Amino acid sequence: MGNFKGHALPGSFFLLFGLWWSVKYPLKYVCRKNKSVCYLGSRAGLQRLEFVEGIIKAVFALIGMVAEQFVPDGPHLKLYNYEEKHWDHLMNWQHATMYLFYGISGLVDIVAHGTNALPVAIDRMMLSLAVFIEGFLFCYHLHGRAMLDIHVHQLLLFAIFGAAVCIFLEVFFRGSIVLEMLRTSLCILQGSWFWQIGFVLYPPNGSPEWNQTDHTNMMFLTMCYCWHYAFAFLILAVNYTIVSCLVVHQEGAGSLVILVRKALILQGC
Amino acid sequence: MGNFKGHALPGSFFLLFGLWWSVKYPLKYVCRKNKSVCYLGSRAGLQRLEFVEGIIKAVFALIGMVAEQFVPDGPHLKLYNYEEKHWDHLMNWQHATMYLFYGISGLVDIVAHGTNALPVAIDRMMLSLAVFIEGFLFCYHLHGRAMLDIHVHQLLLFAIFGAAVCIFLEVFFRGSIVLEMLRTSLCILQGSWFWQIGFVLYPPNGSPEWNQTDHTNMMFLTMCYCWHYAFAFLILAVNYTIVSCLVVHQEGAGSLVILVRKALILQGC
Amino acid sequence: MGNFKGHALPGSFFLLFGLWWSVKYPLKYVCRKNKSVCYLGSRAGLQRLEFVEGIIKAVFALIGMVAEQFVPDGPHLKLYNYEEKHWDHLMNWQHATMYLFYGISGLVDIVAHGTNALPVAIDRMMLSLAVFIEGFLFCYHLHGRAMLDIHVHQLLLFAIFGAAVCIFLEVFFRGSIVLEMLRTSLCILQGSWFWQIGFVLYPPNGSPEWNQTDHTNMMFLTMCYCWHYAFAFLILAVNYTIVSCLVVHQEGAGSLVILVRKALILQGC
Amino acid sequence: MGNFKGHALPGSFFLLFGLWWSVKYPLKYVCRKNKSVCYLGSRAGLQRLEFVEGIIKAVFALIGMVAEQFVPDGPHLKLYNYEEKHWDHLMNWQHATMYLFYGISGLVDIVAHGTNALPVAIDRMMLSLAVFIEGFLFCYHLHGRAMLDIHVHQLLLFAIFGAAVCIFLEVFFRGSIVLEMLRTSLCILQGSWFWQIGFVLYPPNGSPEWNQTDHTNMMFLTMCYCWHYAFAFLILAVNYTIVSCLVVHQEGAGSLVILVRKALILQGC
């Protein structure tokens, strides 16, 4: 994972989920508020969506784990090199462990929303734990790297632990649109920051290397992190506006249809 | 911003907001408790107030951003000096970023209270985030400064992060007078401490410099910080008392007016 | 305050309050549960008690402030020594500041429970802040002392910040017997640990000095701290038991009195 | 306790409790959801169970305390060696103190669930405190050890403080199945990690020693810790499934019995 692709890939996953959530949660909220009869506003529709999300999460996690193990320079399920007496490809194993917990979270989503055998709130607890474990492994991941490398990953930890706390709060305040939008924004931030890390540490296309020990670079990146967050809110705002307009428009259209029908019926009479 | 004015200006903004809140929230609370028909106690009046607050916040933030960019020794929107290969005026850019998030918070206030398209609690979340981002940028702002300089800014961080947590709690306990007064006190504290920092680091009028490495200075300033906080509560108490008296008095006057009218009507009969 | 008495005095205050609370809160709880008509169970009785507590707190704080200022080697309200250009008796000023916030908390108690002008929950917020400020000042109080000295004061900080968090939670979960007992136990712990600090750092009666750099001393004191806490719970348990028995007994007695009266009335018939 | 057995023993206790809870809480939840008339779903049955748990906890704690004191190389209640002027067997005393608080928690369980003299929520507060004190003593326990030794114990602290926070939350969200399962998983994790520590620091059966200063060992163990946690969830999932099936099956069987009886009665008619 120590290359550009290795950061762009998870970044894309997080961006994908963040963008999807930035549509899903506003849609859910606007439907509920307008007592609109769109599919997402109903309990059954929402449950099916969460179920499908769980499957996608589990599949992504599985792909991630398999990829980390069986890339050409991966460990191929070998954990300890007995000949040379050292651990084998610990980095890949750590990444696979991170994916493992997202996989568990996906499985729990599938069971909790596919059957009603499990208490529903447990899906948030498992997701919160998966995010926490990701941050936890990152914490012990950075030993002995360059200053800038550590700094950009530390910034990532804010988004990760912030999301973990936010999702844990959702266990108790389930369906709070504010928490859901906070989570969405942190998810987009994490995704776009992964891309930024890729660009900073492994500049593609022969761009010049960043000076790893320059303190002003650190200060710029801290600020840049905030801009990413502002950008995440911009995306959220745009999607919220589009969704709101569509729902209201659809309702207007719906009412029109109903009016026309009523008129026809009246005429028919 | 590395001068007296640069600390006095934001300090004044925070003081202004703190003082306004120290009138607004007691007024709201007293009106509600006395079931008084004052404008602020009503839902519509409150919403309009929040709307106006949002506009003022957004305008102040815009002014702040423009000022940081276009002061004579500012970056004038230039981020990177390609000739000398270094970042340009990072301090000003960081301050502009802080203002940016207050601006976003102001915009969200305007939309949330001007229309009813947004969930109301989101205004508190954005304000909390704006305050948090301010503290976050301050944290990475202090690298390589003198001991006393770091210390006075660290003390500021207590007020900032305390306010961020307090406002985040308001998402869940909206309208809690206790949290609102805590926030107000922390806002006044932040404002008056900005002034104090100005006086300590950039003594105006040719006062002698503070010894930046004297440990007793640090101890005094820690204590002084507490006095500022006590002072913030004094202001809050005075304003609360005045507001209470006025509301009760106005009610007394109001009842008097009603009594007089009734008497006149009776006499008229 | 750098002597045995200076630690025994505040320790006694905290012990006094802790012991009083260890009677008051069980009494309140048992009365409520048994729907007993004892004075403490009623709203008015409780409010008067809190009012009196506020007065005592304010008076104690005033005495503390005056004592810190006007002891023979105190600052006598002089903050800065202009001749020798240094701060004067900062320690005493810091302790006076701690007392100041307890005084404010006492005043708020008096106003909140003496009149109904203030929201009730504000008394807990101010107490929480007073305890927090105490801890905050202690944090910046320990610079440059011996290892054991720092350690025993750090242990104290656990009780202080624990109590501050616990009281802040009471703002939202007011009247929760569990939080009230937790606060009581932490208050007793703080009181008895102040005494322990006095014995360790300023052994009275010519006991031998503790070795300030011996690591086993630190380990013992950490453990000793836990014993103090277990002891606090013992006191709480004993008082709870006594109070429970008395209330039930009094009720039994009360029922007996009622029975006897009824019998007499019947006989009188 | 500085040997393999000394870590396997407490590990077994925690595993035992964790495994028991991984049966108890799903059983309680499934019974309640299915409105099944199993004993555990009823209030009285649950209270008796908690009572018995309290007794077992108190007995285990007593055995632990006695064992720590009276093992051949234990302190035999001697705290200070007056001849050689040093503390005696502080480690054993610290472990005994940890057990003491679990003992207090057990006693509180017994009183709270055996009588109704105590507020029920206090059992969780005492358990939370017992777990916290365990972590607190561990924190000051590790001074001057090797890097790997410190690391594995620090990892343990995550499980301990996580459990303490989780149980404290249960004071306010009592009976939340999500928190109960989180606690269960952290308890199993703590138990299995105690075993792992034993295997790492005191390899039994003449296995080779772990290199205490190799950084890759630390990275592996961090990851291994996550696997233990995944394993804890696996156990929880298996037990949950078994319990669910049994309850549903038993109900099916119960309904069958009822059907058969009804049929017989009808035939009898």
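We just call them A, B, C and D in the order they show up, numbering each chain from 1.
Here, contacts are C-beta pairs under 8 Å (C-beta built on N, C-alpha and C of every residue); 3 or more make two chains touch, one makes a residue touch a chain.
None of these values were measured; they are calculated from a predicted model.
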{"item": "Chains touching both chain B and chain C, listed by label", "value": "none"}
{"item": "Interface composition of copies chain C and chain D: same or different, split at half", "value": "different"}
{"item": "Taking each chain's C-alpha mean as its centre, the one farthest from chain D", "value": "B"}
{"item": "Distance between chain centroids, defined by C-alpha means - chain A, chain C (Å)", "value": "47"}
{"item": "Euclidean distance of C-alpha centroids - chain A vs chain B, Å", "value": "33"}
{"item": "Residues within chain D bordering two or more other chains", "value": "none"}
{"item": "Pairs of chains found to touch, sorted by chain label", "value": "A-B, A-D, B-C, C-D"}
{"item": "In the complex, chain D residues that touch chain A", "value": "29, 158, 173, 176-178, 181-182, 215-220, 222-223, 226-227, 229-230, 233, 240, 244"}
{"item": "Of chain C, residues touching chain B in the complex", "value": "86-87, 90, 93-94, 97, 100-101, 104, 117-119, 121-122, 125, 133, 136-137, 140-141, 143-144, 171-172"}
